[in-house]
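Some structures are shown below for you to check.
Both complexes below contain chain A, partnered by chain B and then by chain C.
Our next item is the complex of A and B:
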């Protein structure tokens, strides 16, 4: 009895935090039921993760931008433009992959710093500054692809990023568990173990300082729930071709950014600026400097997104990146980032991106008309923000 | 630290005009001025929060280009603004160390907490402040966090200059004192302070020098020891006229005094309330315990009463049985012996023993008579058949005849029948009371009344004109002298939940009044 009561209490107090997981779970269960298991099949989940990749990467960067009370509308076409630059560098300049990728990422950082210059130094609202970027990069992508149209990328290594899977340690049919991707399983298991050890350490540390922690039974429930979810996804993926390179890239980005925002001094400063810019300034934080950092990282992630997209299509098109920025912003808001600033987690945005992409994928599988799909996605976004505002008001 | 002709204008309005002064290491300098005289502007310029319109700042011999608080913090200049601004999504500890975390990548929470504990202890603040939600802090707690922020520096690398912009007002009096002594300690270790405040008393207690600003201009810069509060106030107000300055000094002094007193009062009040509450709860506990004991006693009493009542009924039943046994068995047997003796008397051939037999019969009849008396004592024969009034009447008559003392009877005629326990008890009370009168009173007249009152009680009053009793009547003493008469009466009365009243004066007779709650008469 007290277990259920505990669960209710924790859920009510942390509904903002756990609401997303529950929503994703419900959506996935719904589509699995409506498509008679097709949705949860190894192939579809693998596909879904690959599609989520380039939006998720943008959403991660966008989270930080929104947390410091800014917005960046230029990221979609910037990603498309940089994807085209990558294609040109590979095809026409003949540069090798290992040069092209750092080059494009560096260009992304520069583009981000440019926006940051306008915002921090000139005091232009980020909405306007990035709208200018949106127009400029849209023009730029059409300019660079004007002569050639769609550029086909023949480079195998580059295309593997968006389409390939990590190799297995054993041949697929040999060794224990034939037909299952062993390395994926091992990595998944390692990930779960690291997660559990981390959580236990964090709990100990909090207790040492008399901070509030979850009751023991809830803590175990959380560990079991997350482990089961991750384990389930890993198992499904291992049944197909294992972890894709896109998933690996997204995971690395998410883990790095999650670490930065939740553990480091930099992360604290970013949230402090979002919470109260004046207070942050008065405590000796350089808001300008952090604006550069956040927009720079946004630019770099835009470049990464462009690379993932170009690699997935194995080509650079004139319309690449259209509406990516709005998908990323929607994913961040669905993932619990607050428009008022100072609130939002990287993990949440990843889940938000998964929710939006699951909706698209599921409705495609069910054969729902594209116009209805937009209506549903719009309604979900509105519901997520209403939920956010309502829970915040109750919190005060 | 040196400023040369520091000027700041907001639009056309000058806030600070050509202010120049120097500040050496470990010096504590106060800044005084009226509201709008430029105190906050000066501090904000020094902290790099604002850019001066003209003039330069030099720090440790180098020209200082103001590039935000961020820069100032890095070279050791710290500002505590007038109103503390905190970042609400972050915890209190993170707020204290915001922008100055220990550790470059991951903040070292352990060391941060240790240092924060030390600083909070200096300010006499409980460390549980760190566990509170930033959103729920009081004004004073916010100010404490803001002050702790600039004091939480690495002891090996103390801040060079700390600017306090009127931070005392929202602190409690004791904490103000703590902060002042902390300022003195830190100044001795080489940290300079610039303190803007209206509290001249504090400034005179802690500063080495005082700067006076008047309308954005520095009008005085002198050592604290060489000046007086009056002079400072004169400069602050910009007038030396006695009638203008005196009220201000007086007002300032009395204001701070009043503030201090109010603080003290509040503290004492809180203490008082606390101790009152403690006492109240103690009282309540005692009362509760007492009540519990009284309850237990009551219970015991009730149990005792019911036992006694049972005992009494039992005794009456015994008496009744005994009386019936005597009457139906022994007396009948004796009477039949008597008849047989009578028959024998009339028989032939016993002439020699006739006289003896006749004597024997006489003594048998004597025994029968005695036994009958005994029976009626054991159980008034009339009470079962005719009721209480008849029994009392017959007993009183007998008593009067036996003792030669007339008894006036006033018995309610329509008394009716009462529960057996009450009837018997009242009868026994009358019996016992008359017994007492016979033995001790030496009375000439006895009046006995028995009435039903309008309040559903039975009132029995027995009055005599005898020698009375010494007052007050002490039942315990009587029982010690083995006089159980009154004690028995009082026990019976108590068993019927009635009241007993004895009215007596030496030589003026005695009135015994018994009131017993009684239900309506049985038909």
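Our next item is the complex of A and C:
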């Protein structure tokens, strides 16, 4: 009895933090039920993650942009344009993949720095500056694909990024668990172990300082819940072809950005600017310099998104990147980023992206009309932000 | 004396924890110019906000009788209808609109559903003539100087058929000519049946123009003086404005021999391009090691601007002059440079530009010197907790935990977090801008004790303060700032409230 009461209390107090996880869980459970298990099938989940990839990396970058009270509308067509550049470099210039990828990422950084120049140096509102970028990159993508139309990419290594899976260390049919991707399982288990060890260490440290920690039973419940969720997804993936390269890329990006935002001086400065730019400036933080850093990173992630998308389609098209920016912004807001600045977690935005893409995927499987899909996604976005604002107000 | 046009009787207005107005009575006779004077925080603005309905009926106790009737204003529009107009220091004009649009904003002249622009322009021309402003009504307000904008504000009030015109420090942003012009206009309006209440810090101006003067101090009416009976003089005003004993809340401190200068500023000028005027003129001063130097003056006299111009100039003033820190000429391009050189600045407005309210105590304390507790850019969270706990203990910050959001702390404790943040950068020179504004006496005493301890350890403190008792109680030396200039330097032994007030209202 007290266990359930405890759980209720903890849940109520931390509803903001856990709300998104629960929402994702509910959405997935709902679609699994409505599609008679089709939604949770290995193949569908694997596809879902690959589709989320190119939006998720944008959402990660967008989180930081919104945290410093800016917005970047140019990222969608920038991704499309840089995807086309990658295709041209591979097909027409004959450059190898290991040259093309760093080159495109570098171009992305340059593009981001250009936007930052307009925002930080010229004092143009980011909405306007990036809207100009939106138009320019839209024109640019049509310009470079004008002669050729869609450019088919024949490079296998490049296309593997969006379609391939990590190799297995054991032959698939041999040993125990035939037909299961063993390396994926091992990595998943490792991930869960690292997570649990980290949590226990963090809890000990907090106790040493006499900070408030979750009661033991709740702590265990949290560990079990997260481990089960991650373990479940890993098990489902391992049953198909294992972890895709896209998932690996997204995981690395999310882990690196999560580390930067939560553990480093750079991250703290970025959140300080979002919380109070005047106070940050007077504390010796250069708002200008960090605007360059944040937009530069956004540009790089746009390039990455473009690579993931082109690789997934195995081609560069004239319309690539259309509306990506709005999907990324929606994902960030669903994930709890505050439009007022200074608040928002990388992990939240990833979950936000998964929520939005799960909705699309689930409704597609159910055969729901596309116009209705937009209505539902719009309602979910509004509901998520209302929930966020309401819980924040109560928190005060 | 004429019959009263306005009588405010026994007005009491409380904010949580503070009695801003305590049984204040204020009586203005018809067709006079009545000045309202008092130190910062005496309650002048609060009284005017009660009168104009910013604080609606019911949020205060007492009666307002205006034009013979008891009034219950629920908002500004009510008091405007009754014929009261207030012109604030920050002008309430829309810069991108024309003069005539501004004058009739909110009470447009209509012709059916449409605005009758022709009639508007004609009538605007008429009121502009009344205020002797010679501009085309179709010019945009942003293209006018501050003095002319002020006249547009008055024209706007006159276009509404105002009976009582209240001006809150109208001349503080004006040059001498514009001020003179404004004052003579007020005299003329008086002759045309417009009663005027003028809030001003410039005593000379008050003496020149007032028919009567009411002095407020600490939220109470001290007296009303009649100029025609010869009761108004600079001496009398200052005496009534400051006349209180210095509370004995200043920690005793041995004034040891003061060391070498750590900061010298010579012929320092600053021009603010955003305002389009010079804000600091020929500033010269020095600070010695282990010394507390008070910068006294009224709000808006340029003390904060001076601090900002020294502290890396974040607002982008055009500077000119020399700054010498510990014997070396310095030029700070960013607050970062100032911090590195050992200068720290605790801002006046801790909520606005001092703290990050949505972050917790420890994050705020370490923000300005994160590199000290990090290696290779990664913050050591253990070290951070230790640092925050140390400051929590030494400054006696009352918070349930260092993980509490700063927004949830009381004003005094927020101020201590601000101070802790800047002590953590281990400065040689600490600039405190209004260090005890809006905090209770107990917390004040603690801040004073901390300051005393710091100078004993060899730190030098610049204390900017509008509170004279604090300036006199804490400083070793006092500079008085007025209108962007240093108007006097007083050793503490020679400094008195009266002398400082005289220099500050120069």
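To be clear about the criterion, the second predicted complex is superposed on the first by the 396 of 396 C-alpha atoms of A that agree within 3 Å, B and C clash if a C-alpha of one lies under 4 Å from a C-alpha of the other, contacts with A are read in each partner's own complex, and residues count from 1 in each chain.
Just so it is clear, a contact is a pair of C-beta atoms (placed from the backbone, for glycine too) under 8 Å apart; a residue touches a chain by one contact, two chains touch by 3 or more.
Model, not experiment: these values are computed from the prediction.
Asks: Once both complexes are superposed via chain A, do chain B and chain C end up clashing or fitting?
Replies: Aligned on chain A, chain C clashes with chain B.
Asks: Determine, under the contact definition given at the top, whether A:367 touches first (chain B), second (chain C), both, or neither.
Replies: Neither partner.
Asks: Which partner does A:263 contact after superposing on A: first (chain B), second (chain C), both, neither?
Replies: both
Asks: Check the residue A:282 against both partner chains and state whether it touches chain B (first), chain C (second), both, or neither.
Replies: Touch status of A:282: both partners.
Asks: A:179 contacts which: chain B (first), chain C (second), both, neither?
Replies: Neither: A:179 stays clear of chain B and chain C.
Asks: Applying the touch criterion given at the start, work out whether A:271 contacts chain B, chain C, both or neither, answering first, second, both or neither.
Replies: Both partners, chain B and chain C.
Asks: If you lay the two complexes on top of each other, which residues of chain A touch chain B in one and chain C in the other?
Replies: 205, 209, 211, 263-265, 268-269, 271-272, 275-276, 278-286, 342-343
Asks: In the complex, go through chain C and note every residue touching chain A.
Replies: Result: residues 311-312, 314, 334-336, 338-340, 345, 347, 352-359, 363, 367-368, 370-371, 374, 377-379, 381-382, 385, 389, 401, 403, 407, 421, 425 of chain C touch chain A.
Asks: Touching chain A in the complex: which residues of chain B?
Replies: Against chain A, the touching part of chain B is residues 49, 68-70, 72-74, 78-79, 81, 85-90, 94-95, 98-101, 103-107, 109, 113, 130-131, 149.
Asks: Given the complex with chain C, which residues does chain A contribute to the contact?
Replies: 205, 209, 211-212, 263-266, 268-269, 271-272, 275-276, 278-286, 342-343, 396
Asks: Within their complex, state which residues of chain A touch chain B.
Replies: So the residues of chain A in touch with chain B come to 205, 209-211, 263-265, 268-269, 271-272, 274-276, 278-286, 288-289, 342-343.
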